[in-house]
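Order of writing sets the chain letters: A, B, C and D. Residues in each chain are counted from 1.
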């Protein structure tokens, strides 16, 4: 199975490097007859676009997506949808030093060990630039699952967590941190600024909720909805951890504390009195909100010197210049949303395939 | 792609229910010429076998594995290896009540919503009995990766975590908890006993380390070694969270704290001064130990009554009788090891395919 | 992707060797709620069962299939269906000579070249015995596509072709050759007897028609219905050629001769005035009968001595004793039907996934 | 699994329509370090390029391929290779009539039945234009299998077959028919001209031989080398039949006639005295030349009126104007070669994965 494709029935393949001429995605298996134009995808790309605040990389990329196939007279035809994004603002000179020495925390050393050499310009294929293609593909996925609403936000930066008592979804778009807690957003401004000025970086936790997922999507055992979501999110650059529902906290609970008790709604439905499970049982959606958390490490590109080794095996020290996000987790928000949409679209079609 | 298969080139498929006549796995893509007999697999099955202490379910299953194909004159032939395990100690009467009402935390409701009905005997396909097939398949996988040593242990039960200062790998086999810290093992005996007597259950955290993984295994982007491991572990019953390396803790670090600085060994190799990344960068192994943590929720089957709903939509209350693990995470240890072995065997062959 | 699995959403995996203890198939992705018992599958196995006439191998195998999972209270649960068939009448002594020398036309030499050694007992994995597992799985597939009727027959043996003017589908079951032309069946009796007595063997052409396939099943471009059917049929032992519709004859036609002209039925439907295309255009079913032809080479196991080479590279001569079909194509009829059913079931679910 | 991807480890995905802005392929799983530039691919595209003689469509497409990713400093990096070909000479006006009525023999009706509507411009996704992407991808595949030489030619047009006594591989490039028999080439000139002037079209048989395929490539049972080749070739537009080795002729042979007798070479190798099997036994290469034949139907686009039906279900008659190949099989030659290269590259890597 290919390394750069994801999904089973609704499937996408991405290509492109940080400093190549372009990057893109091919979305295959999309249902026919969906209204689709660039205008449906651009807003998602604009949300993750760099250079929009001083809290993200200053690289200026318009990230204009073009649809090169699979759409006719404004509707999807059921054939592959090629999404194309040109790279505009490459500055390869920034990366000359990276050619010589390995950046700790980056894929440089691992790529060289695997492939024998690497495209060192901006990390090549391992650059987070690839996530633009995911976000474009995710925009298509959203059209496949109109019944679902997906919302992600930053829950913590550098260990400073929001107060869920202040949670206000409408605030997420009102600050450069995708933060639903205005008070936290204010604190983070100082926090991220300080890290940036230090030439350092910060990690973050992104939370995501998908509501409207019908009970029944998902499948045992190696296509579990939660294992698919984990795989999808762990494939995002800089992600180091994934939780569904209570996640690691559930490991500290007793059975009766963790039980999501049920009660009839009276109209034939079911009310759950809790959602420790995060909306999934046995790998299959229960109809409750699907809730997950994703851990992003701090950006590995920092100006603070770190001990390293050159390609020739000499001891060295490296300060990663170039333009980087001080907190890569922030722009992870639209990427997590996209990956969740891509998994759910695939699972919707898989469920329809088997159960009709 | 099939729901009950895992892997890309080294691939296995499992089948069977808790109370069916048998369960098994078919392992496909195994290299030829490996010495393999039931005796190579039985020790792994014996480690996860139920009924060996009062801290696991009292169901008595010998879990004797038989190899029905793919081996000739003691060696793998390169053709599918069928692994067969008979179910012996079914007591379906224990589960009659489950047919009527949904057990909160179990897959009962989700299965009914998906499939319209379910095999309610012992959870049917959603039972952890299926993990016996994984462990058998994992035993084959280990033969494919002799260069790798995989060790898992229980790190915490019910929130009580081991002291890594006391870590002694040789202790893992000396107690019924796969606990490397004798002091913690002693505490857990009382802890798990108490939960069992209360008819309750406990969650657990399982840690796993794979040493000897060569730099270069893994692949960008949707076959990342960490995303494959996450998918594999999240597919295990009762797992709610996965971390690679520092996981969620990394989200609280600054870039310089999270950097795994490098230093030449002098003989052309590289020393890493830390392993926050857990042995993987950009989805590809760095040659450091691959480290991960897996969160298991408390067993959902408890004797403490929980509010629920019947298949007919009536309010009800359920106490899950039958024989259950008070802490399903304990027996998760050999299962996590098996899944890690299965992922690494697949990634070894995938790497060989592309890079030779 | 695994070597011994077939299908995309409705997928099966087979295992087992000619002289192992058993063989079987795991069917995954089957819709839930279908009535299924061994009695639904046995008739298909009985049709391909050996030892039923002097025109097939005298090996006596009851080929009793057992369902070990995936069915509860007589209905499919949507989880994997394990099908198990014991081998009963192995006579490994028959095959001792095969261990030493390669049988021309058999997989012996190729297997040794690939794997370094082989299970030489009855051809091991390369034996047509494996087709019993396909036929069992095909029986499940038929339940998924009740709208479709699949009928295969032998069209020619040793170059002696039926006269379609005599075609009578009801005759297919009335002779040991699955022959719809009684006159041809009578000729073939003498023909096959003669070959058998000479210790020789004959090739055959099997034709298959699937009616009731709805327009729309199939997909461009690498999941074309015809390319799936070709792949499925070419995977059957001894098959050397595949045609859809007019096949190679179409290469001799002019465009106007090959055009399947269309005419309105008056009630909104369409009549086709011909079916040169064999019911498929652009990889997608047109609603016409899907027609294909499959070429089987003569059985490679013959008593007539053939020049060969030993494992040690010595010149030798081999006469393949043991019990063999004088015309393996005859028992290919139920196998072709099974493979066609398996492809159509998969394509039905794939179509439902994408188009709903 | 995706509909528009092919391959298992070495895998490609194509996208694009006849009259869209562009078409392309993404090649994934390519080994790193191979020298690759556009110049390596263009010659293959030039061979299939339209408008080069009066015997092919007059559509003028330069078919200049651009590599947008996966290559750095002239070498493949092991990451996805995006191949991009702009469409230049679209004349959508030619196709207005096709929007209204179904062209018999074309995918028009089937696409409408499946998807509810279609991109009618030049057949949209079902156009043979897509084969340009296959040929580009095939050029990459050839770099993966330098040990193999693949040669295809036209064996027959409109039922007029070459005389193999005249076979001269060097002639294949010397005439517009890829014909190895100069005498036949001369006859075909008149034959194809006549058909073109009649507004008719002709079918063709393409033969292909791959030499240098090492014994051992391929795998039982559903990844058989011959079933993969059949699937690959049957996925090409207008292909209706596939044969390996003697194909349907083998069905007329007796066992001793079909046996490929073996003899020691003296230096530890093996000589085969015949190659009825076409270089494959049990799905695995024997080391002999891999030989296959592919049947192409006559181009369905003809100027001779054919009875048909409109989208509204009215009786009609259609003459397909526009620019078409009088014999689509001719340009099938480079496409068959490409598909064979893509299968062999994948099987080489699969073999390496399992057997090392």
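Simple rule for what comes next: contacts are C-beta pairs under 8 Å (C-beta built on N, C-alpha and C of every residue); 3 or more make two chains touch, one makes a residue touch a chain.
Since the model is a prediction, treat every value here as computed from it, not as a measurement.
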| item | value |
| --- | --- |
| Taking each chain's C-alpha mean as its centre, the one farthest from chain B | D |
| Cα-centroid distance, chain C relative to chain D, in whole angstrom | 26 |
| Gap in Å, rounded to a whole number, between the CA centres of chain D and chain A | 39 |
| Distance from the mean Cα position of chain D to that of chain B, given in whole angstrom | 46 |
| Interface hub residues of chain B, defined as touching at least two other chains | 1-5, 8-9, 14, 29, 32, 78-79, 114-116, 125, 220, 350, 355 |
| Chain contact graph, described as a line, ring, star, complete graph or other shape | complete |
| In the complex with chain C, residue positions of chain A that touch it | 1, 8-9, 29-32, 78-79, 220, 349-350, 352-356 |
| Touching residues (chain side chain B, partner chain C) in the complex | 1-5, 7-9, 11, 13-17, 20-24, 26, 28-29, 32-33, 68-70, 72, 75, 77-82, 114-119, 121, 124-125 |
| Touch list for chain D against partner chain C, complex | 1-6, 8, 14, 102, 104-111, 113-116, 125-126, 130, 156, 158-159, 195, 200-205, 215-224, 226-228, 230-232, 234-235, 237, 240-248, 250-264, 268, 270, 273, 276-278, 280-287, 293, 295-302, 304, 306-309, 313-315, 329, 350-351, 355 |
